[in-house]
Each structure stands twice: as C-alpha cells, then as structure tokens.
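In what comes next, chain A is part of two complexes: it sits with chain B in the first one and with chain C in the second one.
The block that comes next holds the complex of A and B.
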C-alpha cells in the first residue's frame, strides 16, 4: 500500500508544516487582521529572523530557537519603531491605504537587498543536533526539523491567544481598529496600543525566522513566496482570529503537502492562492471571522 | 471621595466657528444635572470640552476632589478618564465585533478600576440582567436599547467619580428611552452617582434631574431646580410647545 503510506506521510507533514505556517502568519493576523496595516514586508522580517539565527548559530553555536527567543525584544522594538514611522508619515495623514502599501514594499526591498549584500545569494542553514532526527509512528515518519517548528508555532499561537483575550492591552488591541475614539474614552491611547500590537507582530517574525531556517536552507528572496501564503492564511482564518489563523495554516499546510506529494512540488505555491480565492469567493469573512 | 465638576466661563469652537460663549456650570457630589438644548446649541461641544476632546480657547474646567483642585483643560481624554471622569458617548460607540463581556472589560481599562472588576461586573449584570444573558454575544448584533445599556454598563466598569452621558435617547424608540432613563435614575439612587447628562428630550430628562441648565446658542439661558425648569417660560416655549 504505497499510496496509503504516501497519503499518511503527506498528511502528517502537512499538519506539521501548518503549525509552522501559523507562526509565520500570526504577524499578519495582528497587523492586517486587527490593525488594518497591510504589512507586506512581514515575510522579509521572517527572513531577517532566519539570518539572525544563522549568524548566531554559525558564529557562537547558538540553538536557533534560543536565538529566536533572545531576539524577540529586539524585533519588538524594531516593530514599534516601524509603526511610529508609518504613523507619522501615513496613518496620521489618512494616506495609509496606497502609500502605506508602497512604504512596506520599500521596506521589503531594503531589508531584502541588505540581506543579499551581507550574506549573498547562497543558501544558508543552521546546525543543531536534533534537526536531522526522525522517528516512526507505524508507516509515518516524523522529522524533527518539522516537528519542532510545529510545536513552537502552536505554543506561540497559544501565547498570543492568551495575551489578546486575557489582558487589558490584548483586548485594547482587538478593539483599536473598530473605534479608536471609543478606545480613548476607555483610557487607552490608540497610538500606543497599535505600537504594541505591531511590535508584537514583528517580534513573532524573529521566532518564525528561526523556525524557517530549521526546516530548510534559506536565501534572501525566499520571502516572496511567503507573501501570498501568509495573507491567504490570515484571510482564511478570519482576519485577526488567532485560533482561526492556526486552523487556516494547517489547512493550507495539508493542501500544499498533498499537492506536492501527488502532483509535484511546483504546484505548492499555487495552492495557497487557490485557497485564498476560494475563501474570498465562498466565505469572505474567513472561517472564524467575527 | 467627594467630587465636584466645575466649568467656568468656557469659550470654545471649531476653527473660526465659536460654539460656546462663556458657559459656566457646576455638578456637585451626588447630583444629577441635565444639560438641555436642541441640536446645534453646544451640548456635545461642552461635554467634549470636559473630556479633553475639544480644547477650550478660554475658561476653566476642573474637578474638586476632597477640596483639592484638579485642572482638566490641556489634558488628553485618556488622562481625564484616568482621573475618574467617564463618558457614555453619543451614538454609544461600542466595539461591535467584540462580545458584550469584552466591551465591559475594556471599560475597566483605567488602572484604578482594575481591582474592582469582579464587583463592577456583578453590579452591571445586576443592573442590566440582559447583559448577563448576552455576555457572549457580539455587541453589534444587539438592539439599540440593549446597546445603550451596554454603553452605560461599560462606562460604569471604570468606577466613575463623575459620569457624563451624551444624548442617551438618540436613535432609540420612545419606549426604550423611558426604560434607559429609568435605569439611569435607579443607578443614581442606589449608588450615589454624580451624573452630567446632555439631552434634548426634556420630558424624559427632567424625570431624573436634580437640577438643569438650558443652553441656547452656546450660552446658558436658564438654570435651576427641576421644578423651576418645568415652569419656566423659555422652557415652555422651546420644549413644551405651550
């Protein structure tokens, strides 16, 4: 039963990949889903996270996940700074829609080219003892290079979910795009709330980047193939729903894994766009949209 | 904690348009004061001045808390909320895609209110039982009357020292207006709230007011106890159509 083994393996790999996709997409769920900021530069910050993990690993032998965790405060600060620039230059003037998009496109280019200049076009990877390990459950092989990112991705999703639903700032983040004036009447400063949310969005990229380079070697232009994917996941999940993002990420992961197993890997990227179109046509508010 | 709100000789407007011409009002501790006036006379502008949304060109607005004076002019709305002045805004301004409970919890964002959350939540559910039944429902999916109850509940979650209510009757069916007004009276009587309410529905507003001001073209045309208000010529002319 080769066919059944293939199917089971593809399903398992898809679910594991989905946990990782959730980690990459959470920043979009926050920025695009909850703040209405079309941050198409998010995947390039994930790449930045990958190269930080690479640098710390090649130079000091740091574990990529440890690096990812260590650098979340740095990325958070970067995100807060980026939001301030965006706010002063665009949002405050009410010019955020198109010019904001162009701004983030520019950020994408600058970061990508900087990474190219610093590291070149060669593929880079990290080394850690557990990355190459695999174990078998019956016919299904579980690779650690997929399992660890999945576990971390799910944990990150859980942490963000708890933060957004249980804390005062979390609830303020959920409310800020709905009525920022009313939020001021609650005693919360919308500019600050959005800065925190955008900082968190970029902070998730530090960890997601460490996971990305664990799954396979990276090169700077790889962020492009993630742009469509993360937006597909965020929209399918239901704009800003954190639980929905995880479910949508697993759906996209399984769909991609099945197509690349049975029809060839080159179809992989088309799948996420297919899912996005389907979601927009059938259920534009997403699976868990409010 | 005794709180008193004082507005003295406030002049304010938008750009070249002057809306308030030297308005003075006072709200004493435990009092319910209504600010009466038809549309376009400056009620909301005055409320917005108190909340720090509009900055007066001249005049003073301050709180007296246990004899101590706290100036409000020049503070941001967030700071004023943190001082314990909360507003139920015109048009309710709920967060439509959050649940009733999430809306209420956001009302308790003010640092001083956070330790009273359990007590205040119980208080809101007791005052407005419908909110308890619907606590998992999205605020935007409720009826106008229920939304107004939620807006008041959300403001009460902040443990307000002074509660401002801007036009609670707008957009509500008459029967619901009566119900909302009755609720505000019940709250005031049971919990010793200090309330300033802007309203154009005279007959409803006087049911709960201790005192009232009539504002016409940005000036206080008349002030007095509720009983005097109903007998005043100007009020009869403007509101009662006598």
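The block that comes next holds the complex of A and C.
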C-alpha cells in the first residue's frame, strides 16, 4: 500500500499548499481581478515580505507571522504609493494596459535585483520552534511548516472575503470594478477606493511572504515561478472572486503536489503554468467567472 | 530612409565590421560586441511583434533558448556546421512563433503577455528534464578552433552576428514600409476596427509572430559556440525578456531605428557596467531606466528627438516671420 500512502500524503500536502497559494494569490485577485491592474510584480513583493521576515527573525528573533502582521501597514502604504505613481503615469492618461504592464515588469526587476544586492543569491530561512514539527493522522504526516501557512492563508482569505462583502469600503471596491462612474455618482472617489484596494493587495504580500519563508528557504529569483502560479490561480478562480481564488489555489496545489510526488519535483513548476495556459486557452473567464 | 541609402548604410556596416577584424586583436571587444549585436537582433525581433502590433511578448527567452538548444542538438548528434544550426534554429523558433500567433486568436493584451511568460517557464522545465541536452547541469561544447578566412572563431561569430543584425534590421525596415507594416499598425491602434475594414488581422499577426520567432531563434543558434557551455538557467534568463523589451521602449518602438538605438546604447552601457561596476548593479540600472522611460518618455529616444526637432522647427518658422 505504499502507493496509496504516497497518494494520500501528496493530497494532504497539496491541500495545505493550496491554502498558502491562496494567500499569495489574493493580491492578484484584488489588483488584477477587481481593479484591472496587471501587477506582475506582486510575487516580488511577496519575496520582499519573506526577506523582511528573515531580517526580523535573524536579528531580533521575531516570529515570521508576527513580522508579517506588523509589516502589513508598511506594505499597505507602499501599495498606496505605487498605485499613485501608476495612476498619475498611466491610468489617468488612459494608456494603462500595455505600458502599465511594462512598468510593473520594470518594478519586478528593480525589487528583485535590489534583494539580490542586499542578500545575495544564497538561500535564506527563518527559525521558529514549531516549524520543524509534524504529527501523524493514520499514514498521513502533517508538517507544521505547511499547516501553519495553510491556516493563516485560509484565515486571510476569510478576512478579505468578509471585508469585501460586509464593509462600506469593501463593497465600494467591488463596485469600482463594475462601474467607477456610477460609484462616483454615489459619492465615493474611485481613485481613493482603488488606492485602498491596491494597498490591501500589497499588504497581503507581507503576510504571504512570511508564510513563504516558513515553508522553505527563499532566494530572490524565486518570485518568477510564482508569477505563473498566482495568475493561474487568479484566472482559474474567476478574476476577483475571493472564494474562487481559494478553490483554484487548492486545485493548483494538489496538481503540483501530485506531479512532484509521482514525476519528480522538477516538473512541479510546469504544472501551474500548464494549468494557466490551459485555463487561458479553454476558459479565460475561470471556474467561477462573472 | 530610401531603399538605396538603407542598402548603402547596411553594406557600410558589414564592411566596417569585416575591416575591424583585420585590425583589432583584443578578443574582449569581439565578445562584448557579439552581445551588443545579439541584443540588436533580439530587440528588433521583439519590436516587430511588440512595437508594431502592440502584443507584448515576455517570452523572448523561450525563442532564444529554443534556437540555442536546436544548435546544441545538431552539434551533439551530427556535428553540423554553423550554417545548418542557424537555419534549423530559425525554423524551430519560427514554428513556435507561428503557434504563438494562433494563440492570439483567443488571448489579447495582458492575457497574451502572461501566456508568453508561461510558455518560457514550461519550455525551461522541459529542457531541465531533458538529459540529452545536459538537463539541469548543462552541457559543455567544444568550439571549433578556427574558421576559414578568419583567424579566430570568436571573430567569425562576431561577423555572423553582425550579418544577422543587418538581416533583422533590414527585415524590420522592409516590413515597416510594406502593406504588412501598415496592417500591423492598424492592429495596434484598434484590432476590431482593422478587422472590420478588411485587414486580414490573423494572417498579419501570424506573419509578425513567425518573423519575430525566426529572428530570435537566429540570435540564439550561434550562442552555444559563443559561450561553449549551455544550461537552462542561463539561456532562459529573464534578462533577455527584460532587455529585448526595454531596448525598443527606450529607443522608440514605432520605427526600426528605435530598437537599434536602444540596443546599442543599453547593450554597450551594460557591457561597460559589467566590467567597471558589477553585473547585478547594471541590471538594476536597466530596470530603473526602463521604468523612467515608460513613465516620462513613452515614445523613447526617437520620440524625444522628433519632439525636439518639431519644436525647433516651429521656432525657426516663427522667427522667420
């Protein structure tokens, strides 16, 4: 029954990984799905979050998740600022789509190389008491380094879902995606609402980065494999649907975990990009498309 | 520029390149010059799709690497000469370009760009797992010691790349002047409207993606003999994607001269920066310059010059009155 054990373990790891992928992809679901801002630099902000968690852990012994929570306001401010630059340079002129894309590509490059210059190409990791622990449920081993990110990721997804559906600003963000002119008639400023949404999107990267470095060691160029993953999840999840993002993240997580287990880890990355290509070619509106 | 003067300049460039190999002996200049010329090819190739048509391709590494790996396979299996490697690399990358062209049927704008990025990663994973071409460890190749008529093989590669650069620029120049170029511009401005006016958009896009793919494959095919060590991480490097897109954006993406200016300026600057500062820092500079240009001067250097010329033209006219 080795084969069955492998399968069960791969499934469990995939689902746990999926919870974490949801955390990484939420920012894209917000920025790309709801605001139409193609922030391909999002994964690199996740890396930035990882290195912040690493720095605080190595120097002060801070818990990575605590660091992630502490730095969400900083990342939020960074996001608001970035949106301002984007708005003034592109969106206001109505030339956003392709030049905006190139802009974020440049930002990706700048942040990545800056991380490279600051930390080098060596893999970095964090230390916390619970990271190495595992427990068994029957034949399935559950590692804490996967369980904690999954729980935090699902919690973050839930919080964002409640925010978007229950609060005034949350509803305004959903409204701005549909009709920013009508929103203006209702007395809300689309520029401010979009700024808040983009700030939130980048803020999730602080926490997602902390989770990422908990799962395994990181190096600056790692953001690239996450570009495909987050867009695969966002497109598959139906562009801006928060619940859909979680489901799609788990699908991608399980698919990758199964491929890694049965075909070898070097094929894992190709899965998410394959899913993305397939989703784009067959059903661009995603599983839960509007 | 008319056909005759363009031909004369192209000929002069090739003759100058050949003359240099008779005079200059320091190998470093050929190594550096090769890289700059390679960027001229890549930037021009990118611009035929990205600049004229407005389809932003992040997948330059995929085409470049496919050209390089085609050459690796030919060297490994048949010890094929460089000419055959070039032709085969061009065909294989051209076919990938054709496939990409059909993808534009379903994917427009941003989705197309993300798909090209995905394409590069999927191909990279395949080559990482393909043992015949060295897998993830890479493969070492032996460069021929010398080439006929040239004392040194690196000088020969330099001249080959020079020829490819002239070919690429001439292709772009020709496309820009023909009905194809006008059709591509129509697609960039408004694809639906172009289609309605009877512009054969699909056929034109297929031409653009295929020509772009062929040229990128040509740029990649001599690469194995140039570096003599090919591994997936270095041929699929994201730097190729960034540079081949940054150079036309900085030079000016609406004319054939824009990518050339961008590639020569940025390519040379990077070569100098790699020697004098550090390679990581010079990449940071590329990123900063790219972002600055996208925000401040979206028409690139060519656009800036045109704007200045127009302004000074107006001034002379006014002072003449």
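Going forward, the second predicted complex is superposed on the first by the 288 of 290 C-alpha atoms of A that agree within 3 Å, B and C clash if a C-alpha of one lies under 4 Å from a C-alpha of the other, contacts with A are read in each partner's own complex, and residues count from 1 in each chain.
Please note the rule applied: a contact is a pair of C-beta atoms (placed from the backbone, for glycine too) under 8 Å apart; a residue touches a chain by one contact, two chains touch by 3 or more.
Here the structure is a predicted model, which is why all the values come from computation and not from measurement.
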Room on chain A for both chain B and chain C (clash or fit): fit
Partner chain(s) touched by A:187 [first = chain B, second = chain C, both, neither]: first
Chain A-centred angle between chain C and chain B, computed on Cα centres after superposition, in steps of 10 °: 100
Contacts of A:38 with chain B and chain C, given as first, second, both or neither: second
Chain B versus chain C as contact partner of A:267, first or second or both or neither: second
Comparison of chain B and chain C by chain A residues contacted: C
Touched partner set for A:105, first chain B, second chain C, both or neither: second
Chain B versus chain C as contact partner of A:116, first or second or both or neither: second
Partner chain in contact with A:85 - chain B first, chain C second, else both or neither: second
A:134 touches, of chain B and chain C: first, second, both or neither? neither
Smallest distance from any CA atom of chain C to any CA atom of chain B, in Å, after fitting: 21
Chain B partner contacts - residues on chain A that touch it in the complex: 168, 171-172, 174-175, 178-179, 181-189, 290
Interfacial residue positions of chain A with respect to chain C in the complex: 38, 40, 85, 89, 95, 97-99, 101-103, 105-107, 109-110, 113-114, 116-117, 221, 224-225, 227-228, 231-232, 235, 264, 266-267, 269-270, 273-274, 276-277, 280-281, 284
Chain A-facing residues of chain C, complex: 54, 56, 58, 103, 106-107, 109-111, 113-115, 117-119, 121-122, 125-126, 128-129, 136, 238, 242, 245-246, 249, 280-281, 283-284, 286-288, 290-291, 294-295, 298
For the chain B and chain A complex, residues of the former touching the latter: 51, 76-78, 81-82, 86-87, 89, 93-98, 102, 105-110, 114, 138, 154, 158
